[in-house]
Amino acid sequence: MIYITRRERFNAAHRLFRPDFSDEQNLEIFGKCSNPNWHGHNYELFVTVKGEVDGSTGFLLNLKKLSKVIREKVIIALDHKNINIEVGFMQGKLASTENLAVGIWGELEETIISLGAELHCVKVSESENNFVEYFGK
Amino acid sequence: MIYITRRERFNAAHRLFRPDFSDEQNLEIFGKCSNPNWHGHNYELFVTVKGEVDGSTGFLLNLKKLSKVIREKVIIALDHKNINIEVGFMQGKLASTENLAVGIWGELEETIISLGAELHCVKVSESENNFVEYFGK
Amino acid sequence: MIYITRRERFNAAHRLFRPDFSDEQNLEIFGKCSNPNWHGHNYELFVTVKGEVDGSTGFLLNLKKLSKVIREKVIIALDHKNINIEVGFMQGKLASTENLAVGIWGELEETIISLGAELHCVKVSESENNFVEYFGK
Amino acid sequence: MIYITRRERFNAAHRLFRPDFSDEQNLEIFGKCSNPNWHGHNYELFVTVKGEVDGSTGFLLNLKKLSKVIREKVIIALDHKNINIEVGFMQGKLASTENLAVGIWGELEETIISLGAELHCVKVSESENNFVEYFGK
Amino acid sequence: MIYITRRERFNAAHRLFRPDFSDEQNLEIFGKCSNPNWHGHNYELFVTVKGEVDGSTGFLLNLKKLSKVIREKVIIALDHKNINIEVGFMQGKLASTENLAVGIWGELEETIISLGAELHCVKVSESENNFVEYFGK
Amino acid sequence: MIYITRRERFNAAHRLFRPDFSDEQNLEIFGKCSNPNWHGHNYELFVTVKGEVDGSTGFLLNLKKLSKVIREKVIIALDHKNINIEVGFMQGKLASTENLAVGIWGELEETIISLGAELHCVKVSESENNFVEYFGK
């Protein structure tokens, strides 16, 4: 069993808030992250997959294919987008890094399996001081 | 003459566009950076000041004071804000990294002088692949 | 189950030595790290907590609260301090990174639980080439 | 149980290819990584060992000893070398990062045990975007 | 006058040697970098251009265009290549980082001018500990 | 004219204080950096030299020689040392990063010239947020 990790990046705007709360209530709970005019981040996404090494290639998975899958399923949807407004798999959810990691897992899981590997971890880094990891359960 | 540099960070939303252009025209010139729903970045700001070392402290400038000035004059205005809408010194300008660097210089220059040093460079990094430097002329 | 990690930093002096040994014996075992005049590091601390996402906030834990706890319980005690002399939870212990990680775990565990999460890992990085991880058992 | 990690680095040339394939076939499977004239990388190696802290030193393992073992068993064999041609433990294998991680594990496992610790993970980073982890099974 | 910098990366093999010297002589002068079987690096290239901000775009230069030029003129020639054998602008030169920086300058200078800016600096980083800068004179 | 930069690192303890001041006065001026029990840092040192490329080697300067000079003249004196007490060229000076950069310049200048190059810049980074540059005048 071997684990390989691919890093991809996306820049996006978001806002932490509940639509059923007033701006004042949102400010109290979410602080400056609730700014109604949005703010944004350079997100880093680390996708770790696991499986057996294929003796005929020396690979668990061709990294170019893994990168292509991540870009098509996740990065196109998020990069230079507003997470609250424009990202299908985040609709109806709070745009937190936790929910982002869980959402990205959902976008990737099946395709990774179809490539002959298993999704192990989705790690989303929001800043140099904060990151979230989700292992699918 | 010695040069000291302080790094500060801010997370902000922005959009590259001209209000006199249509969304289509803006897309053509500014690409995905023109997204009407905004996107954002973790900006890094490096402020370099120069001057003589003060023999009584061993400092050009107390870094705590320099950090305080940068935070009060620049970071509070930019952090978790929308650069196009909410940042006074960016009003009426395109929200490019170039204009941001020039704008930040304007916010800092006088106060740095009042601290007994000279502003040498404002460097703004928008991503790990891009940064802008402005030397005041 | 989601994992979130917060990075905090502290700069401290320390010395690796046993008080029951001579300087020569300490030099033999601990090398230049036993310098009786101390040396120091920019330590990086990564605290990982785990738990369920709170549907009402999208958070496992408010990162501001987590950061505040780490600062109050750990960083204030360590930052710009001499680990051997001034840090209560390190008294009577060798000032190694291993003992530091275990000690920091002890300072944080209960408070993290009181915040509704579980402490998962304390990682202490002493330099770009060395780090220690402790998982509580 | 504590985990300590040591980073070491090596610069090497390699080529991804199967000797039983033509250059065209290798290009199709391995892309530009199959260049018959080689290419190369600054590899980063992270070796994680685990065990109990020794009360008499505060260490799981003296990091200088761990570094010396990694250098003698692995880095000397790989640094400024051609992985396909010159590295004994990689002969007859595809020079992928996956196989490199497994091969390095084999070079280190016994010696780590003789030092009183257990090898936990070999992580090999080929670029800022890709890394492989192997846990020995 | 504003300065913008774009980072691009390439992975390549090379060897430091003089064809008129024996392997022994090359080893004496160039050390392990003279390995006849090659070694390689993850090079980082930082291209800095300078000029006036265009009031109609807020840019000195569209970074996408700058990136495209660097890729077409330099990265395609170097990435996953053997610098000694396959890179046109390095033929007949020692494959040192110094010569690489000067060679890349030559490939870029005219095209940068045709884009309305001026080439200011080519910086080539061979490892985390070494880099070379060339300012064109 | 080409510029090459070598990074070296040292870990040291220090204290910012004036011996003619009381601890209270030092605390007022230098803050927590004046802790009488010391604190410390992982310093990074970047030494930039300039000169002409030697056609027979492709080098401005053999980086191994440059590294050796920096280690022998500077790193041995500083690494795992107390800057205030044990470093000859810092005696009688405040142990600030500014004075460290100027002091390191003095230790290196002549030897760099004897190697056929010119010292251009000494950069000392005390933390990820602060660094000092000295250009010799």
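Some observations on this one:
To keep things simple, chains are lettered A, B, C, D, E and F as they appear, and every chain counts its residues starting from 1.
Everything below uses one rule, namely that contacts are C-beta pairs under 8 Å (C-beta built on N, C-alpha and C of every residue); 3 or more make two chains touch, one makes a residue touch a chain.
These figures come from a predicted structure and were not determined experimentally.
Any chain that touches subunit B and also touches subunit D is listed here: A, E. For the pair subunit E and subunit F, chains touching both partners: B. Traced through touching neighbours, the fewest hops from subunit A to subunit C number 1. When you average the Cα atoms of each chain and compare centres, the chain farthest from subunit D turns out to be B. Two chain pairs are in question, A-B and B-F; the one with more C-beta pairs in contact is A-B. Chain centres computed from CA atoms place F at the largest separation from subunit A. For the pair subunit D and subunit E, the fraction of shared interface numbers is greater than half, so the two copies use mostly the same residues to meet. Averaging Cα coordinates per chain places subunit C and subunit D 29 Å apart. Note on chain placement: the centre of subunit B and the centre of subunit C lie 34 Å apart, centres being C-alpha means.
Centre-to-centre separation between subunit C and subunit E, using Cα means, comes to 42 Å.
Annotation for subunit D: residues 128 touch two or more other chains. All chain pairs that count as touching, in label order, are A-B, A-C, A-D, B-E, B-F, C-D, C-F, D-E, E-F.
Residues 1-8, 48, 53, 56-60, 63-64, 67 of subunit E are the ones touching subunit B in the complex. Note for the complex: subunit F touches subunit B at residues 16, 18, 29-31, 93-99, 101-102, 128-135, 137. Touching subunit F in their complex are the following residues of subunit C: 9, 11-14, 32-33, 35, 37-42, 79-82, 85-86, 127-128.
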